[in-house]
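Listed next: structures, encoded as structure tokens.
The same chain A turns up in both complexes below, where it pairs with chain B and then with chain C.
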Partner chain A sequence: MKLAKQVKTLAAALALGFSAAQAQAADQSLLNSSYDIARELFASYNEHFADYWKNKTGQTVEIRQSHGGSSRQAQAIIQGLRADVVTYNQVTDVDVLHERGNLLPADWREQLPNASSPYYSTMAYLVRKGNPKNIQNWDDLAREDVSSVFPNPKTSGNGRYTYLAAYGYAQQVFGDDQAAIDAFVRTFLNRVAVFDTGGRGATTTFVERGIGDVLLTFESEVNNIIAEYPDHGFEVVVPKVSFLAEFPVAVVERHAERNGNLELARAYLEELYSEDAQRLLAGFNYRVHNETVQAEFADQFPPLELLTIEQIAGSWESAMTEHFANGGKLDQLQRR
Partner chain B sequence: MSLAITSAISLNPGKRVLPGFALSLGISLLFISLILLLPITGLVVQTAGMSWQEYWAVISDPRVVASYRVTLWAAAFASLFNGLVGLLLAWVLVRYEFPGKRIVDALMDLPFALPTAVAGITLSALFAENGWYGSILAEVGVKVSYTPLGIIVAMSFTSLPFVVRTVQPVLEDLAAEDEEAGISMGGSDMTVFRRVVFPSLWPALMTGIALSFTRSLGEFGAVIFIAGNMPYVSEITSLMIFIRLQEFDYAAASAIASVVLLASLLLLFAINLWQAHYLRRIHGR
Partner chain C sequence: MRTASHLRVGDQPWVKWSLISLALTLVGLLLVVPLVAIFAQAFSGGLQTYVANLTDYYTLRAIGLTLFVAALTVPINLVFGVFLAWLVTRFEFPGRKLLITLIDIPFAVSPVVAGLLYLLLYGSNGWLGGWLMDQDIQLMFSWPGILMVTVFVTCPFVARELIPLMQQQGREEEEAGVTLGASGWQLFRRVTLPNIQWALIYGVVLTNARAVGEFGAVSVVSGNIRGETNTLPLHVELLYQDYNVVGAFTSASLLAGIALLTLLVKSFIEWRQMRQRAALSEEEV
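On to the complex of A and B.
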């Protein structure tokens, strides 16, 4: 067991070593463990932060990035990867760092503004050119003639958000009628053409293989896909109600302290809330809290009602046990 | 495998090229322990925290049971298909001379060299309804990508070399004179194949099919991209294990993995027993 851990740590260290090869002369170095699709975002933010830090302290800083599915990233940290900060797309993956490794305090969400989520997004639809099936809202996705694509909620946070968004919509429409909510979400799940294991896989299925009438993913991703495939004429549809997808950040205090990076790590995350950084984040199609920036990007982000996890399931903890755990609501609704 | 057995017994038992029985056996056992037994022990340790009821509940969950069914059927079809095609390929490569033969021979190992995820993505692109093969198949109403049929395609692709590479050396050893003798004794082509060629090939072919089958049981990367992963229809057992890992439920993941491992071990063990028995009968020892 221990051997396996060491091998894994070694492999992770090697992988990082390669990415860190370009900067040797920095005074300080910081390791950010992040989710899969944030490579470009943080490459850009790191430049911004390095300038900011240089102006403020006169020191050069080198920020190393590690990207992957955020649950796997969290596992790597529990197994010994000494990341200073985490920037994830799921609250539960940060929670696990407290529960399994006690690497950060239980109240990590109170350390930074907006529940430690400097930016957020929501689940939106990508439809084919001209929206031939006229898909506007969640009830359209339960229609018999519509087939949808999104990643498996069992293996992907992206898929979990989509499931929760549909569930929250059903709660709003059917109120206390649990049977009607279940029936709706069951039909919604039955309309799925392919369950990929991750978000990028689902994108490939929809775009390259031509499967499905609608792809459900983060609003930020949807806009990136349109930019990447201009010839396909894809269109974005933002439903009237959707899920508030938070992107939690936290200092892995135990590690940052050992690496002597506590102050730097805190500054790295706090700077995400500055106006310039918020503008940068909005440029990557994420919604932000800063009001000036919000006004600048108003056209890009149509207003909608955002349901929080507290409204839908009480808390992430109960969402995980009641909906996504083995034998939970999701399993029941997928049963034949 | 059978080749190794026949050449080993044909050696003069008093003389060995490699010295030091104790040393070589010791090193072999050390490696078997480190590389094979230790991970398996780890697997057992992971499940040790569960009670028998919990273990049973995990491995008999209806969705997991459905995945056994899908995986077993797909692996069975894939390995039988490989048995037929692999035998044919080995036959062509051994018995005929044609331009480009060496290239074809080298290509046989490609499925082993290719990362399985790449194989999966490529296959699903080819067999999707807008892909090269898929568009032709769609005209006759056959869907491959994102159906259980796709699982069979991916499994047979990744495990084909097992059959070719186990049958090939045995076929090379088989003298053409044996067939000629059969023919000169008045046997029809079919009879000679059935009574002369096939009995020698059979053990190697069975081993190849069994290896192909067990490899298919555990295949993940290639299958996941082409299967569609619909619950109860096209979810494979490896995906169930992956899902449990995502839930940080290592014990349950190990429990399901132990079922796959046990099935593979039993099959391979049975094949080995049968093969030893068969060879004893053939060689009369």
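On to the complex of A and C.
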């Protein structure tokens, strides 16, 4: 049995090594389930929070991060991933935690300021060097000589926001004239060169395959893309009117309670609203509510009119059923 | 043997050479270029960036977890595969054929489906998951879950390598051993194992390669916790999503390296097996 014994010792040693490394000497540990591209943001905020918590309570805290597409992340929590807090980029993905898992209360949006959205962003344009097609606003995207790239609103939150932004703009311009609104959005959708399934795919299409004159994505993301591809000379254009993209946060109360982390989890999210944290968030190209920080970053964030989901479609629920469900407005307008 | 009137397809030089160059072009475009591209991208920031990416805390943890899971998967499937192959080639029993077919299920099922099955069974809404949660046992979204799906996906490899060989070898040698009074363990060590050792190693190499590279099933049950349940293949995707292309290719180059190493070991074993067979047939003559 020598071989079997050796194997056993090896496995035990490995297991020990792995789990020993895992149980780092922190007093408390918190699991944050987050969206895809927020890794650096939270790596930075977690450092800030760990210091803050240490000063306040004298305890060390280790914050573990899980990142992925936020709908899938929510699904994992319902299936048993014991995250203490969620920091997502879509309100509907937090709602799901209440509806299907009853893991947090229905009124989660009232638990923290600004509808539980400590920071926000909007849809902006990334155009090629020198903005050769002179793209400034939504009506430019309906022009015949312009082709745009953004992810499919059916599969991507990013794409949904873009669609709603264009729709909201049309509502503003055409008022009650539903036929004109529909016509505008139909043309806008017709000008799309490629519908990728996600934001990353759309970026690849625009940058590496060189398709389209304009890429539509979060303002926060646009700046990351410019930093990632400095040689292309891309430029950012922020339209005069756009959609308010909220980044909702919530404590997954049932899990946090179980993990004995309720107080820590609440403090983790509340601290996001502090001036230092807001400054840190602004540094990652997100817009924030704190007025001092807003003034500091005024150059970076041109003022614009932000339309809320309530203004455009009443609520997320009705937006989903009226616009994005099968046979909904989006499907009708896409039919060519 | 051959006359001008009996030219076969491909005998004419231009046919032969155009076929060869077509095949080579396809192999180059489909296999070689992407492989080279991985390494080219990984080293595009210079050696220092490569090392920096490699020694990044989360990359090291991903490597650690991947090796850890593989190190557990291989022995489990080694024992399971040998046991199963022994069972179906040395004994006759009702349902034997069915069992041989069942072994192939992990090959036939898409890994993502396998992952979902485990999630539906052991996730907190699943049949066993609720009970497990009450006992405070976390299988899914932690390393045991990753191990479970990896074992499932890789379980046919060893058995699949051994079954044909053991069928071909027959049981005469073992029966001779039994008549000479060998115990079960002696029989296995002295007779069976030497006969199957190269096929066994081959099976282990394949199991290991797949265990290290598995993406689909693992991604379903992983939960994507950085530094904790993120395996190397998942880490590649994650870095790519984060716009860290060089980092993604650095991790990918490790996986490609493992693949190349696997091929090398595989060729070596095939060469050994061929020599063994040649020696064997000489003896018989």
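Going forward, the second predicted complex is superposed on the first by the 313 of 336 C-alpha atoms of A that agree within 3 Å, B and C clash if a C-alpha of one lies under 4 Å from a C-alpha of the other, contacts with A are read in each partner's own complex, and residues count from 1 in each chain.
Operating definition for what follows: a residue touches a chain if its C-beta (ideal position, glycine included) is under 8 Å from a C-beta of that chain, and two chains touch if they have at least 3 such contacts.
These numbers come from a predicted model, not from an experiment.
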| item | value |
| --- | --- |
| Which superposed partner A:193 touches (first chain B, second chain C, both, neither) | first |
| Partner chain in contact with A:66 - chain B first, chain C second, else both or neither | second |
| Chain B versus chain C as contact partner of A:114, first or second or both or neither | neither |
| Touching partner for A:209 - first (chain B), second (chain C), both, neither | first |
| Which of chain B and chain C A:334 touches, first, second, both or neither | first |
| Touching both chain C and chain B, counted on chain A across the two superposed complexes | none |
| List of chain C residues in touch with chain A within their complex | 61, 64-65, 67-68, 71-72, 75, 119, 123-126, 129, 133, 138, 140-141, 143, 223-229, 238, 240-243, 245 |
| Contacting residues of chain B [partner chain A, same complex] | 38-39, 42, 45, 58, 61-63, 121, 124-125, 128-131, 145-146, 224-225, 228-232, 239, 242-244, 246-249, 252 |
| Residue ranges of chain A touching chain C (in the complex, touch as defined) | 7, 10-11, 14-15, 17-18, 21-22, 31, 36-37, 39-40, 64-68, 73, 76, 78-82, 200, 224-225, 228 |
| Of all residues in chain A, those that touch chain B in their complex | 1, 3-4, 71, 75, 96, 100, 152, 154-155, 192-197, 201, 204-205, 208-211, 324-327, 331, 334-336 |
